[in-house]
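Structures incoming, each one as structure tokens.
Presented sequentially are two complexes of subunit A, the first with subunit B as partner and the second with subunit C.
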Partner chain A sequence: MHVPDGFLSPVITRPAWGAAAPLWYWAARRNFGASATESLPILGSLTALAFVVQRLMIPVPGGTSAHLTGVAILAILYNPGVAFVCESLVLLLQALFFGAGGFTVLAVNALAMGLLGPGAAWLAYRALRGLSEPGAAFAGAYVGMQVATLAVALVLGLQHRLDPAYMPVPFEVTVAATMLPSLTVLGVVEGLFTVATMALLRRARLLHAR
Partner chain B sequence: MPAEPRRSQILLVAWAVTTFALSASKDPRVLLSAALAAALLFRRGAAPVARRVVVGVLPFALGLPLASWAWLAWREEAPPVAPFATLALRAALIAFVTLSVLRRVDLLRAAAPFPTLSRLLVLSLAQIHALRRLATESALGLRSRLPRRPGTRDAVRSSGAVTVALLSLSARNARDVGDALRSRGFH
Partner chain C sequence: MRPARALLALALLAAALPASGHEVMHEVRRGRAVAVRAWFPGGESLAYVQAEVFSPADEKVPHWKGRTDRNGWLAFVPDVGGKWRVRIVDATGHGLDTTVDVAAPDLPGSGSSDPPAGATSLALRPVAGVAVIAAVFAFLYLRGRRRAP
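So, the complex of A and B:
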């Protein structure tokens, strides 16, 4: 669901940077200070895993792409602030070294895929974990994927509303093209990926590093 | 010419301003002029960058507008092509400028005055390299254990064990990188 560079004008990207910058600073200071030394290895592993799963992208009509995010697990295991910083790093590296996403749209992508999506995943997981932990993780990841995708579609729709000559794809096309694969396939796969990765982390006895 | 890391930082700031300026333009003539200027400015090493844009970015930069145009044409009547072409040109041009500038910048040196950013960058890059290497090793290992070429079913069947190994090894690798960073004064 990356928005590539050139699809959003500075009318949207500048305020997004303004909103994201203090959040990055706060989240990085809070979660990646000296006290995070013990959790850095597993955080690094999960960030790298998110990087790998996000490299598999399918372009969809409307200005974005369909792919897993792999960051709901970071919000579930740690908190949405950790997911926000890790996802932002993944997006930055993809933008700088692989031309995926982009620098001007980094804040928009990070807020959608790194904060809103994982935030929703974290809330859903906390609300449901009393019933079943794997079920809550699955539901959290599914909900997180839908929220992130909808946020991206809304931003692209807003760009079309602000200036149709800049972004010629209308909101109803963007939302249909992005939400359909997300609701039917990607959300389910993201849920399964999250549950499976949590089980694998337990099997590898890596969760104690939290 | 200013010394590193100042030179890389100046280049990065200039690049950031340029990409925002390019992302503001919807005039194809301005974008074409900018593309010509970029091709002249970055002519040294332009061929591999252009190849990367064609292979890695153009399928998206062209594919997305083309798919959107086709979708709209199928649902209603064919919309004008110019805004979609401008969209593709803008996306490809920004990617070309980005990749060209980053070939000339030492990112880690530019980030050196910011220890937290440096630590996260080093850790992430090290993890990505390690994960790629381990994935290749695992694929080779799987191939060596089977008398035939491994198929999708073999890959799925072994994916759990491989992922456990990948996570364990990358956690160990991250610990090593973290220790190395701490020993060099990154706290």
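So, the complex of A and C:
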């Protein structure tokens, strides 16, 4: 799902940096201050888990691979701002160490996978948790995955319209290639991952009542 | 026998002339091309994916354009030395945009190769990432504890 360096022009990446930078500052100040100290070990563990699951490629029909994001749970357990900062750290490490994603596209990837997706997951979870908490967590993670994937596809499609030299694949192909695996496989696996991780945290008495 | 000798001489002469007309010429030279393979960390190849190669002499018009093969390979024949840009663009937004150092053609060093990262290196990468995340959160945790009243 990561957009690599060189696939988006500065016309898109610069405004994305302009939007992401103040949001990073605000979210980090609000969620990682002194009052958050006791939750940092769990936050760190979930961030490391997200980093690992994003390295695991799931083969999907059509001859390609896809991966989970693993950050919906951070939005559900805390808030989308926490997910945004933690996912941005994951993306930064992947860009620096592995060449996955990249530095110029970091803000685009962070806004899509770290803010829009987890934000949608948080909203869906809050809307449905009165019915069933595991069901709401599953639905939230599923919806979050679709929103993040669609956001990436829309950005790539916009780039194709602006300048195909950066992204030669047209939007119709991109949206089909990204959304079909997301709707059929990834959303379900992300939902199961989120529910299972929440159950594990609850069993270990690490999930505090909110 | 004179006509037969004349025909044989004509045939030998024709065989020695360069071919022309509708014949398609081709050349096979080994060790002259640069091959690049792209695959996901799990080992799955980026097969049949759009790809472009840009020469350092012309960064606008692709020197080569096509698709990777079923094993994720593409190959091109460089005509100048320098940094060649290779772009592999998967429809899902995954891909590669990198440069390949090419020595001047037909000079020593043009037959070199960049070996892929070893299995140990690939296995250690996630460990390094997790270690950095642990270090970041440990720093934040210790700083928070120190500041707590």
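Quick note on the criterion: the second predicted complex is superposed on the first by the 198 of 210 C-alpha atoms of A that agree within 3 Å, B and C clash if a C-alpha of one lies under 4 Å from a C-alpha of the other, contacts with A are read in each partner's own complex, and residues count from 1 in each chain.
Following the convention adopted for this analysis, a residue touches a chain if its C-beta (ideal position, glycine included) is under 8 Å from a C-beta of that chain, and two chains touch if they have at least 3 such contacts.
Since the structure is predicted, the reported quantities are computational estimates derived from the model, not experimental observations.
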Handout entry: subunit C versus subunit B on the shared subunit A, clash or fit after superposition
Key = clash
Problem - Of subunit B and subunit C, the chain that contacts the larger number of subunit A residues - result: B
Exercise for the section: Answer with first, second, both or neither: which of subunit B and subunit C does A:G119 touch in the superposed model? Expected result: neither
Handout entry: subunit B versus subunit C as contact partner of A:P10, first or second or both or neither
Key = first
Practice task
Considering only touches as defined above, state whether A:T178 meets subunit B (first), subunit C (second), both or neither.
Solution key: second
Practice task
Tell me which partner A:R203 touches in the superposition: subunit B (first), subunit C (second), both or neither.
Solution key: first
Exercise for the section: Considering only the touch criterion stated at the top, classify A:F32 as touching first (subunit B), second (subunit C), both, or neither. Expected result: both
Practice task
Classify the contacts of A:V85 with the two partner chains as first (subunit B alone), second (subunit C alone), both, or neither.
Solution key: first
Problem - Touching partner for A:M167 - first (subunit B), second (subunit C), both, neither - result: both
Exercise for the section: Identify the partner contact of A:V52: answer first if only subunit B is touched, second if only subunit C is, both if each is, neither if none is. Expected result: both
Exercise for the section: Check whether A:L93 is in contact with subunit B, with subunit C, with both or with neither, and answer first, second, both or neither. Expected result: both
Fill in the blank from the handout: Dual-contact residues of subunit A (subunit B, subunit C) 4-7, 32-34, 37, 40-41, 43-44, 47-48, 51-52, 57, 59, 63-65, 89-90, 93, 97-99, 167-169, 173, 177
Handout entry: Residues of subunit A touching subunit B in the complex
Key = 4-10, 13-14, 28-29, 32-34, 37, 40-45, 47-49, 51-52, 57, 59-65, 85, 89-90, 93, 95-100, 102-104, 163-170, 173, 177, 196-197, 200-201, 203-204, 206, 209
Practice task
Using the touch definition up top, name the residues of subunit C that touch subunit A in the complex.
Solution key: 40-42, 44, 46-48, 50, 52, 87, 89-98, 125-126, 128-130, 132-134, 136-138, 140-141, 144-145, 147-148
Exercise for the section: Quick one: which bits of subunit B touch subunit A in the complex? Just the residue numbers, please. Expected result: 15-16, 19-20, 22-24, 26, 52-53, 56-57, 59-61, 63-65, 67-72, 75, 79-80, 83-84, 87, 90-95, 98-99, 102, 107, 116, 119-121, 123-128, 130-131, 135, 160, 163-164, 166-168, 170-175, 177-178, 182, 187
Exercise for the section: Give every residue of subunit A touching subunit C within the complex, in rising order. Expected result: 1-7, 32-34, 36-37, 40-41, 43-44, 47-48, 51-52, 55-57, 59, 63-66, 89-90, 93-94, 97-99, 152-153, 156, 167-169, 173-174, 176-178, 181
